[in-house]
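Following are the structures in question.
Two complexes, one shared chain (subunit A), two partners (subunit B, subunit C).
This part shows the complex of A and B:
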């Protein structure tokens, strides 16, 4: 397995629903950072998602790894001693679908159909992140979906990630935070928690 | 230039509409009394900011305030979770179609719809509402933070009695001076001014002690100065036109009634005056003062059923009057006739009181002269109606300390109360200047056409000035927040809507030149000479 075909390719869809999809990384531990914007394609529709969870587990369910480093001086030594380990685990990441592009138009809401299994997943380049974050309509999806991690954490992570695409990160974050302040007008504690996490 | 402030979010016609400020607009840049326009769907509205408040979307924000020392948090919350709101009272409206454009602004009968855009009123808007300076409109001042001229239609103004109110030192006198100059130039009315502190005729002084020119210096050909105190006028180097002397026989029982409080007279004492007048005839005052401890006098009192103590009380009061130096047993000239002569020629009369600034003298003289002049006017007016002849020139009588004449106890008896009530029937109106409007009879206040209010901070005074005005509580907050000088709230008959103005400048050479520019070449030359003198 090699990612040489496209530098931004980060994995492949292995499970999908209307609201999210799970992708497996080609390399162990190579999942994109929390909150990154990724995309996959279903025919003419490009689906955008943000990474909300990443896991590394044993290939065989139920089989737990055992501690091996008692006599090793470094952690790298363990993998050197047992090179098969790299093949016994796998890394996966879950993404929440936040929008789609069809006929060159961006929509910040759910696509008509879920992603396809074995669809390639790409990390979006900064220009595309900028393009996508021109509108903050996707924030509502991030706030309202029940997730295994706290929504506040995810919103903060997404905005932090997106802000890196901008030269003026402060302006971007202020604009996004203002949108949040309106969305979360009744939930002050949640707003405060997010603001604390994205403060530049 | 339009400056967007925000959008209408709620409100009512009665209380005004609520406007949520846009994010970039700071509440700190707003001011009550400022004009705004609201772009409704079908019509435009003109209104005034009457209140400014702060809002939060979540009340918990106010209970546990965020860390505002953090610039980021402060920047985010401003305009989103925390925002400013304005209360705007709509006063006038103009329809979008051509017909209503021609009609001009009309009073509002509805409110703008939800989310109508609110802009700061432009100079053009203000001009549209108040009109430009022309032969009838007089430039009085500028609205807050604007350069536009607010012009008052003086022809309309003098058709009703008007009032200038404000605490002492708020610029009532300056404003009145400007108003008088306006009347002198732009209306057909003439003024009779009872100048208690001698500051309207020749020269007055500003709060800082600077001497400013008054009417006679600026308009020598259309102002005559009468004086009660020749000596004082001479010392102040005032060129007077007439020295007023009043004969004892000109004092009527009504004059004494009005002075009841100031002279500390009892009710029976006032009654006694009428009896004495009936009995002793026109020269009753002299005769009463001459009554000594004779049997004859006692007989007379017994006959009239006047108690001895009542008589003593009355006598003390009458002696106070008798001591006034401008009262003489026999007056050489008739001041009423002389004043009327001037007024008929269109010359304004300022009566200076000189040193006699005590209220007894003021009330006595003002009432006495006004009653006679009013009677003359009434006769002429009635003749004019009968024969369809020429009506007398409209007369404006200006009085200071008006609550002494128009308080509820005496207003029904004094001539001023009558003038205020019967309005312009006889072409005589009042210009009332007072610092305690709450002391004026509410019935009289309600008849005032246009009210000009400088800063007032007493609750009762504010209430009485605003009585009967729609949107009273809104105007109240505007009135209580006027600056202590050179600002005034004007509302009523002569204006389409209330306005807060910064009074135009008065007292500099340039201001004199501007004020007199409507006059003949003679005064222009004078102003130029002044400039030369000033700059050498």
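This part shows the complex of A and C:
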């Protein structure tokens, strides 16, 4: 499927709840990196989410991939010999909703309604990432939500990704670390774990 | 109540014991069949003559010989660029306990392109048949034939071939194409139906689509074949029976009344696949044979079905082709090399067929969802949704 209509379109919502949504990638293995800021739209509301998990699995739950490369010199060779493989898997990514935009105002808390199924999902361009990260209010959502991956890993990944939108990444990360020090004042070991992962 | 396996265990034991006793005799017969098939003493021209003069007088199906009996043939390497297109189907039969009379055929298709830029296309084409013209075959005079059960299976084979021809016509013509269907090209079941049914299914259906494929073959290198895994056919072993027969011409009813000990029984029960598993080397194909099935002889014309056996690593597969493929050496070689290549890629079974099957398959849950969709659509339109009491009782299992 072509995504030429918009270069930043990375997938389509296939499951949604108030706190998160899952999107299927148009191309196999083309999930945005862990911690990326993405967005989807429901009418006049734009929902922002951060990627916290990505999977590539068989399209049909009953069909498991088998090892095929014993006699192949390269991994690419496996796909060349079996062109159907690209049609039998799907890549998905899960995002945690961290805010929304309505009537041109940005809110760093949950939107009134979940994302729509089949809503297009776009990767936010650097300017929008910058705009969104002017406030660190979203960090609280990342720290407090139960997730299948460690919250510390996600917070660090989000901050690393966001920092790339800034010319002075160091300044951004120092500001984020200050915010974290307040949020995690009672959890020194958690704070230390996150800071260790965002050190430039 | 689930099936009481404890009551079956002893019966299964008895079956296994009987099989064990018969194994030695079967091995002896197989060995004998192998010796005759490989024997230099067999005069092929004489055997062909014997097959011709005995036609119609033999109770079993004997293959006609085209170019030999047992000689194996190596496959050429596959071309550098090629396509394999396969279709397979499944269906939901008419359910007389439901309020609506209809059936569904789901054709799965897989197109795989190999070469410098490999690509694939996998899709399914479900179609609901509910109009009067879809539900029965109407004769010019007499009773119409409802399309359900075995006849629906035949209709499905026609639709598989239809889809194959349609998709093949849309493929880029620059590299060779193997068009593959699962099972037999011979619509055996038609023998039990009146001529107008055969006409509708073959003349206006299956053979028309074979003809479309043959015509496409004039614009590009296209071979059509069907693939039968673990075949149970005995057409070639029956040639050996004929070779063993002391009578000329062979006339089973005349010379060998029931109860008489027969010379040809020395190879009885042996299947072609056992013969060729031993006669052929891995990757080799058998000579090409011509099917003498009555439905083929009467109706298939230039699409007369020929077949050959291919020895794979663990089994022997039967490949059926129309005569226009089997007698064109380049197409026959294409079938041989690409079927082997497909089996190698598919771990013993052609990968395109297996993907087409995956696209076609209708699970028990799919069936339930389908009937639910039909019924809820009827309800939405306030149409009656009567079902039989029997069907209700099966659904609601009270005590």
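In this text, the second predicted complex is superposed on the first by the 200 of 200 C-alpha atoms of A that agree within 3 Å, B and C clash if a C-alpha of one lies under 4 Å from a C-alpha of the other, contacts with A are read in each partner's own complex, and residues count from 1 in each chain.
By definition in this document, a residue touches a chain if its C-beta (ideal position, glycine included) is under 8 Å from a C-beta of that chain, and two chains touch if they have at least 3 such contacts.
Here the structure is a predicted model, which means the values were calculated and not measured.
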### Combined model on subunit A where subunit B meets subunit C, clash or fit
fit
### Task
Report the partner of subunit A that touches more of its residues: subunit B or subunit C.
B
### Task
Examine A:6 and indicate which partner it touches, taking first as subunit B and second as subunit C; both and neither are also allowed.
neither
### Task
Please indicate which partner A:87 is in contact with in the superposed arrangement: first for subunit B, second for subunit C, both, or neither.
second
### Message
Contacts for A:79 in the overlay, against subunit B (first) and subunit C (second): which applies, first, second, both or neither?
### Response
second
### Query
Is A:113 in contact with subunit B, with subunit C, with both, or with neither (first, second, both, neither)?
neither
### Message
Looking at A:182, would you say it contacts subunit B, subunit C, both, or neither? Reply first, second, both or neither.
### Response
first
### Task
May I ask you to decide whether A:63 touches subunit B, subunit C, both, or neither, giving the answer as first, second, both or neither?
second
### Task
Superposed on chain A, how close does subunit B come to subunit C by Cα atoms? Whole Å, please.
50
### Task
Overlap the subunit B and subunit C contact sets on subunit A and report the shared residues.
none
### Message
Touching residues of subunit C toward subunit A in the complex: what are they?
### Response
110, 112-114, 118-122, 345, 347, 351, 355, 358
### Query
What does subunit A use to touch subunit B in their complex?
170, 173-174, 177-178, 180-182, 185-188, 191-192, 195, 199-200
### Task
Flag every residue of subunit A that touches subunit C in the complex, lowest number first.
60, 63, 66, 79-84, 86-88
#### Entry: Residues of subunit B that touch subunit A when the two form their complex
23, 57-58, 60-61, 64, 66, 70, 72-73, 75-77, 79-81
